[in-house]
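Letters A, B, C, D and E name the chains as they come in the text, with residue numbers starting at 1 for each one.
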Amino acid sequence: MFLKYLFYLLIFPGFLFASVFGMIVGWVDRKVSARVQFRVGPPFFQNFYDIFKLWGKEVILVKNSPYFIFLIAPIIAFASVLITSTLVGTAFFFNLSIGGDLIFIIYLMMIYSVALILGASSTGNIYSSIGAGREMKLLLSDELAFILVILVPIIQAGYKIDLTQILIYQQANGMIIGSASGIIAFIVGIICLQAKMAMQPFDIAHAETEIIDGVLIEYSGTLLAFWKLSHFIMYVFLPMLLVILFWGGISFASVGSIIAGVLKYLLIVVLMILIKNTNPRIRIDTAISFFWKYASPLALVAVILAIFGV
Amino acid sequence: MRKLLIDITKLVRDKEALEKIDCEYLYHEGTNPGIFSLVEIAEFGVFCRQCKEAFCVDACPKEALERTETHLVKRYNMRCVGCKSCILACPFGTIFPEVINYITAKCDYCLNQLNENPEYIPLCVKTADNDSVKIIDIKEENPDENLYFVGDYMVVRTPSWREKVEKK
Amino acid sequence: MAFYNKIIKKSIWVFHVSASPCNNCDIEILDLITPGYDIERFGIKLVGSVRHADVLLVTGIVSHKIAPRIKQLYEQAPKPVFVVGIGTCTVGGATFKQSYNKAGASLDKIIPVNAFIPGCPPKPEAMIDGIVKLLGTLK
Amino acid sequence: MKEKEQIFFEKFKDKFTKIIKKKKRNYFNVKNKDLIEIADYLFNTMKCRLSICTATEVYDGLEVLYHFTDDTTGTYYNPRVKTSLKNPEINSITPIIEGANWIEREMYDLFGIKFKGHQDLKKLLTINSPEFSEDDHPMRFKRNQKVKVKSQK
Amino acid sequence: MSKCRIPLGPFHPLLEEAEFFNIKVEGEKVVDIEMETGWMHRGHEKISETKTFTQSIFLVERICGICSTSHPFACVNAIEDIDNIEIPERAKYIRVLIGELERIHSHLLWVCLAGHFIGYDTLWMWAWKYREPILQLSEMITGNRNHYAMMRVGGVGRDFDNSLIPKIIPVLDMIEKKMVMLAGAANDDPVLRSRLKGVGVLTKEDAINYCANGPTARASGVDIDVRRDDPTAYEVVDVKVIVTPNGDVYDKLVVRVLEIIESCHIIKQCLKAFEKVQGPIINKVKEISPGEGIGRYEAPRGEVFHYIRSDGSNRPLRHKVRAPSFSNIPTYKASCVGIPLADALITLASVDPCYCCTERSIKAFDINGKKIEHNLLHLSRKKTERLQRELIPKEKSLIDGIFDLSLSR
């Protein structure tokens, strides 16, 4: 039993699969972006090279900074992302879940952001601290919307907070995205993912041209590799989560259904990449007001609709 | 009338004399002070034979040399590229290689200062060794002492072919 | 190490340092990453923080004021890091040779340089060629 | 259009010396004490724009040439102010023209001309440079450095 | 309340006016901007005194690579102004052609970098894609992609090959079409509009007071354009000056986009003229007499000013150069204070001070100008604490928990 979980964690939906697959999706991102921008784009193995290279580079510690937090933050973030991806992955592929895993996922996602904020503010770099501030504001603004979005399937599935239960409900009653509340929540969900993944228009905390990669500015070598890897893994499980919550997950019943599942996943990824490539970065105050004034109320409407079963 | 005298014989005797002489206009620090342009004008005035069909003019690839109405040869500094073909072409060897430079200097005989203060002594006069450059009062050309006028403000002391031509 | 070198050749993150250039070399560097030349094909990427850099592309005559900053940047970059001097400016100063605000005859008097790419500005093709040649020296 | 120019030259007739008129370019010398009045007239009454000022070191001092351009005709008015080499001082025109701030700082930096009345006169280009100290003015000539002036014979 | 200074730069290439900004912010709001210049100072004016007039033209070309024909243009204008040298008509058309090609690629570059600045990489890449053909045209016409080396005293150095006309026209048509498209897109895209409209307004009074020029001034409603006001080669073509009233970043974009279209029209006029106007392209200039001359040219960023004083030799005695950005940059003070940091950056960029490489070296100063690398961490924590207090007083407990963690390492 223990070995099985270890396998889940390290090999299949966990570390190995998520990293490799994440890097591939990361490549898709770069490739599609490049195609949109009339470029050829990087070769297939580019992200693998990048990560391997970072692994071998020197790690520079910042003078007079709390090394411990600086060192531990990426590892905490990586671990939390890894566990999340395992949770989502097992639900996605094996229909397995531990009780109340959605709560876990929400918390772990938050831990990732908090680790990012901690790591960034431990560097003592002013751009980093601005980045951390922005990350925090962003977290505070998109978190409510995200939780509300997740509430919709929970409510629709009859107040079940397990991913498997939600999947079972969908197998029985059709996809949640088919309902009015479902579709609203799905749209808001994609926007939240955009913010969680720090993609345009919400790459405010990373803003390369304003604050030089913001939060990650001081990280180098292996530690940077951890951050990058965490980011790649998020490519894997966040869209998966949406597929599970709204789109009935994947079924391995037939080849057709497998392809359908993969297509659903890819569609979300490509949608996110396209949003990323057709929008400028917005200001942090615009982002906050966007989430609080439009996205969260919209999600709330979806929740209310869900309560009334629409 | 006060004129600036250049003693070319003395200047030629000492190889480094030219370089030592400084100029009031230090705009172009260190390089090519005005004395070079003085010597150039002097040599075109008194050494050059003023050939009717001048070889130097023909040789110049950039059409920088021209004969003026007074038969003097004049070098136009915007066109000259300092290739020194003219020096090779002249059958009389009258052009000094030192003075035909790509980057040229200009001397205005310190007229600005002299207008305001007739007693003014230009820096080239102050810095020149053994009287090779000085300001003198002179009425007319004196071939016996090898003194020839070039232009309105300059007098040159040097043996010249003009002496023989004029004696004839 | 040989394996690692192979990897690093495939993934070059460049950081662009402009040390009193005329801007043209810089623009031509940007040219490299845009549709015309697109060096992301070779895994070369422009990064914003020197901490992420594998190659420093330096342009311009290094002025007195900027020289200490360049040294600082070089120290801040995680090793191994390569320095490429782009443009004739870095080689010897080009037209600015006589400038009073020029620190050191050439860039390698200030920080170690692995390659120079002369030209004013070098054509993008020349830059790609230069970087590829530099990578070729890695065994 | 021509009139504006004429009125201007009439008005300040006795304050100008050495007027050089070329096509669309007027150069004239003014005294330091008249500078502010003339700049004020050019900027506020004639609505000229201050392009830049040029400081030059000449044999007997420093001079500053102000380039005012009348954009409706494309004419330049260039008052020239002279000052001494030893203690170069000129009245500042920043109280009238905000845009002259950097221009005067640059001249102070490169030539060491002090502008009386400038709010924040510090170096512009070689500020904080390890090579140039506060009294290094790189555009000034190092006069008679290599030359030893002998006594006149 | 602790203010904090964000250092920006100094790796920022802008000729003599390379900058290092100390932006004082309160939270995300800019309260003061200070500039420290001189990083890119190369002493052109001094170097120029050691070069001949012909050489200075190539020296000033290297003042900056973006509008690398504007400085030579103004420089030859200044030299020609000393002696009132006339240039042949065909040379005028060639000068205009090169100048306008440069304006197109420079404005496109601005669009690229503005896109890059607001994080819109697609816009960046697209605009750059359309810029590339212009560079190739330049290479066809002059032999060089950027430093064209075309200007000479008395004319131009290289004749225009009339057989190139059919190759140029389609490129211009393409650019024109794309610019119309871009103007439409900027107008329609709500996100883009929200980033640009009403941001960083420079009023007309400020523009005049700070002696701004070029598109910066024209966007603020100041109707100046050297090409029309004091033409030296441009009298042979019709120039329409584009002026917009608002002075915000959006207007600066509009001015530039419309100017690109106008440049295409001007180039087409030149191309038409080339078929008729033949003849010499350079007048022989033998000597520059002592005197002084002023030359100016409307560079993509504004008026380039050159003052040359000659003593009769072949070197300038004084060569003053004023790049447009020198006048335009101080307008930051008027337009950037009081707006959010993210907006300040695009406003700084909107003046187009060759802003490609700002995001460089790091060093922090406190309000008194002392280095504060040591207590920066402390400051940043304080700031984050303050932010959380301001932002969400209600959820304070949660955040406080997090920060206790970070403080007790």
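The working rule: a residue touches a chain if its C-beta (ideal position, glycine included) is under 8 Å from a C-beta of that chain, and two chains touch if they have at least 3 such contacts.
Bear in mind the structure is a predicted one, so any value in this text is a computation, not a measurement.
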{"item": "Chains in simultaneous contact with subunit C and subunit D", "value": "E"}
{"item": "Both-way neighbours, i.e. chains that touch subunit C and touch subunit B", "value": "D, E"}
{"item": "Least step count from subunit A to subunit D, where 1 means the two chains touch", "value": "2"}
{"item": "Relative to subunit A, chain with the most remote C-alpha centre", "value": "B"}
{"item": "Which of C-E and A-C has more C-beta pairs touching across its chains", "value": "C-E"}
{"item": "Separation of mean Cα positions, subunit D and subunit B [Å, integer]", "value": "36"}
{"item": "Euclidean distance of C-alpha centroids - subunit A vs subunit B, Å", "value": "83"}
{"item": "Centre distance in Å when subunit B and subunit E are each reduced to the mean of their C-alpha atoms", "value": "48"}
{"item": "Cα-centroid distance, subunit D relative to subunit E, in whole angstrom", "value": "26"}
{"item": "Set of subunit C residues in contact with two or more other chains", "value": "34-35, 48, 63, 65, 100-101"}
{"item": "For subunit B, residues contacting two or more additional chains", "value": "25, 27"}
{"item": "Subunit A: positions in contact with at least two other chains", "value": "37-39, 208-209, 212, 217"}
{"item": "Pairwise chain contacts under the document criterion", "value": "A-C, A-E, B-D, B-E, C-D, C-E, D-E"}
{"item": "Residues of subunit C defined as touching subunit D within the complex", "value": "63-65, 67-68, 100-101, 103"}
{"item": "Parts of subunit D lying in touch with subunit C, wherever the complex brings them together", "value": "126, 128-132, 138"}
{"item": "Touching residues on subunit B, where the partner in the complex is subunit E", "value": "25, 27-28, 31, 37, 63-64, 66, 76-80, 102-106, 108"}
{"item": "Residue numbers on subunit A that touch subunit E, as the complex places them", "value": "33, 36-39, 63-66, 68-69, 114, 117-118, 121-130, 132-133, 136-137, 140, 200-201, 203-204, 207-210, 212, 217, 277-286"}
{"item": "Contacting residues of subunit A [partner subunit C, same complex]", "value": "30, 34, 37-43, 45-46, 49-50, 52-53, 56-60, 208-209, 212-213, 216-221, 224"}
